[in-house]
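When the chains are written out, they are named A, B and C in that same order, and each has its own residue count from 1.
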Amino acid sequence: MLRGGLIGAAAVTVFGILLLFGDNYALRLGTTVAMYVTLATAWNIIGGFAGYPSFATAAFFGLGAYTSGIALSNGIPLSVAWAGAGLIVALFAVMLGLCILHLRGHYFAIGSLVAADVLREITNVWVSVTGGGIGLNLPLPGGDAETQAKLFLCVMSGLAGAACCAAWTLTRSRLGVALRCIAQNEDAAQVIGIDTGRSKIAALALSSLFVGIAGAIYASWTIYIDPSDVYDVSLSVKPIIMTLLGGVGTVTGPIVGAFAFLGLEELIWRNSLEFHSGFLGLLVVALVLFLPAGLGQLRVGSIWTRIRTVLPPEARP
Amino acid sequence: MLWLQVLVNGLALGGLYACIAAGFSLVWGVLNIINILHGSLIVLGGYLAFFAHLQLGISPFLFAPIAGMLLFLPGFAIQRVIISPVMARPVLMTLVLTFGLTLFLDNLMLVAFTADYRKINLQPPLGVLEFGDVVLPLDRLYATGIGLVSVGALWLVLRSTQLGRAIVAVRMDRDAASLMGINVRLTHAIAFGLGTAMAGVAGALLAAIFPISSLSSSGYLGKAFVICVLGGLGSVPGVVLGGFALGVIESYGALAVGPENALTMSFLLLIALLALRPTGLLGRKGFT
Amino acid sequence: MDADPDGPPAGGEAVRSLLVLENVSQRFGGLLALDELSLSLKQGEVVGLIGPNGAGKTTFVNVVTGVLKPTSGVIVFDGHRIDGKRPDRVARRGVARTFQIVQPFPHLRVRENVAAAALFAGGVASQAEASRVADEHLAFCGLERDADKPAGSLSLAGRKRLELAKGLASKPKLLLLDEVNAGLNAAEIDEALRLIAAIAARGITLLLIEHLMKVVVQSCSRVLVLHQGRLIADGPTQEIMRDEDVIEAYLGRRYAEAQRGAGI
């Protein structure tokens, strides 16, 4: 509780400072971190609370971006387009869930991973509506560059706040109890009367709703989207890494993880444009090997112990 | 006779597809790990074959077994050093780990070889076989034949060598195998090495027919998924069945909905299969 | 099917009997695990289900609780068809079970485990209420001192009692106890016997799947004997203990083992 309050206060302070004094770069970083918080918190609902290793974040994000983009191109107002995109993505998540949520482990992971590929290919081919591989230009929202940047910071932060509130409410709700039981022992959960199918679909839909709206806002923010960008598999993996960094299955974990991840990403971007996804890969490997329980586990001594256990016996000093 | 030509096109890819998926299926079955890295290793095998042809003039068909041998050791080492410590962890961890390795290797290849598509030009071209109206390019016939032979060799290793029996025993019951005196850690590393070796063979054969690029690793990984789910996990006959099934389905799919939709169709097919029959068409357990 | 969650109420005998199975079969490939099984349990009975390993006892539990959909046959519980219904629906209708291999939610506290059962199968309205109900059941099962421990940290005997508490929190009309005594020592079994008697005294119909004859003889008024998926005997406990077929098929060899297993 205390930790949550502190993190919330810190986030609001950062938001206020950015809004008052932030330059363009700072505003961009702020909006990005708000988006990351949203994605990681949303993933945590299905991946952390319910324990289902979903790789469908990119699918929900891209579908949200394109739904909203197409709606805006046809003159639909901004707020309607964003909310509508969220709802359509949630509907898609329900259908996807009906197809793959009865699967466990690897099979579920694959099914969720493929969802983004299917949507990307359909977007690529359906040129008349989506613009195909060339991408889609969105109409500019009004106002000068700085007003726009502040608008998107506010909207994305609001969404992140809403996602965190939803996650916090969830931990205290019946559905939250059901998801925790499902994550630990699904068969036993069903035997004590939990409608596991409906609970899992609810979790996936709630998760996808926030991801879809985040995609919609992202599309308006960047003004231009293309399939390889918004359906990129790294969008599915980054929220997982952030959540692992901060701690899986907690409300504050994804928030902390998102900030930490953005910091690392900026560091890598600055120092290596060419090899940044390679560094990201190394970071992921190091994280899984040395910090599987997240940053909370970070102690210098323990890292050395981990390194020693990873080395084959004959190579240990 | 269009349908016959389409059938031949599909079958001519079947053995190659079986080869793409065999190592992936072996690793999944024996180590209970989805090796996301598999697609990148196929691309790496392809590049090795490309440069072996360009620099040394070795035919990719002859080079295929060499590519397999070259990739065995790195696979063995990766399993031993990086994957072994997380074997007992939840699915999510091993998936994220091998994904990280893929990001690294893909980026490495992108920097080293650029994103350009490279094509091996066989001199002289192999030409085609003709049966009436039906045409069969010889390069595809060779690739699919060598692919099948490699998968068959893997099958023989599993069936009739002591090492193979150890691998099968570890797959069936890790603890019992350990009690029987089998070194489970070593067996895991060897099985993973065999998996990467098969990826190397498949990559070399692919490079003989198709242009390769460091961007195409996820496409090969997707095919390996589909083939495993089609044929059922962890069986060599299943992989062969799945490989030919995917070849034929893609071939007819390209005819029916256009080649640009063929990939979408095979992915939709995968989701449909997962929804209805996740144990595969054969639906059996056990690596045989 | 799903549009009508309750199924048609069945008339006649089903009204007097709590659970009725008619010609229920379960086939796994070539293996017939349950073969045309027909039986009924009356409200308030304590019945033992015995049989050698592989006789189909656990399959029987899985079929009744909805984990398996029977290949053929009809199961009526409390006037409603339940064959092929999902486990959570069967649970909410009033069928609870314990697992032969205990299945706690290891990272939840002991109290939270029981509260979850009360919240879902037990139909308790709020989490606060569920927590209060859970404490009652924990006290009843002698686990009140462990309420705040993670369930994964309990001893085997503790986890077996946790299973019972979860089962009770589900507010069952019928409780299926799948080998709740396996692996316990003599003192723990005596404790479990007292608990079973106390549960029966509440009017809950009990079906004990047991290997230990001592438990069956002491607790059950009636015994069902399964052998190779068929019901080979069904009657008052004392009669079954004298039945030649049963002794031949099962007890002759098992009885002595069971006595040893009970630590006597």
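Keep this in mind: contacts are C-beta pairs under 8 Å (C-beta built on N, C-alpha and C of every residue); 3 or more make two chains touch, one makes a residue touch a chain.
Just so it is clear, the structure is predicted and the values come from calculations on it, not from any experiment.
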Arrangement of touching chains [line / ring / star / complete / other]: line
Centre-most chain [mean C-alpha coordinates]: A
Centre distance in Å when subunit A and subunit B are each reduced to the mean of their C-alpha atoms: 31
Rounded Å distance between subunit B and subunit C, as computed from the means of their C-alpha atoms: 48
Centroid spacing, where centroids are CA-atom means, of subunit A and subunit C in whole angstrom: 43
For the subunit A and subunit B complex, residues of the former touching the latter: 47, 51, 53, 55, 98-100, 102-103, 105-107, 109-111, 114-115, 117-118, 121-122, 124-125, 233-234, 237, 240-241, 244, 274-278, 280-285, 287-289, 292, 309-312
Subunit C partner contacts - residues on subunit A that touch it in the complex: 172, 174, 177-178, 180-181, 184-185, 187-197
Interface residues, subunit C side, partner subunit A - complex: 65, 67, 86-89, 91-92, 96-97, 99, 103-108, 112, 115-117, 119-122, 127, 166, 170
Residues on subunit B engaged by subunit A in the complex (per definition of touch): 28, 32, 34, 80-82, 85-86, 89-93, 95-97, 99-108, 111, 218, 222, 225, 229, 260-261, 263-264, 267-268, 270-272, 274-275, 278
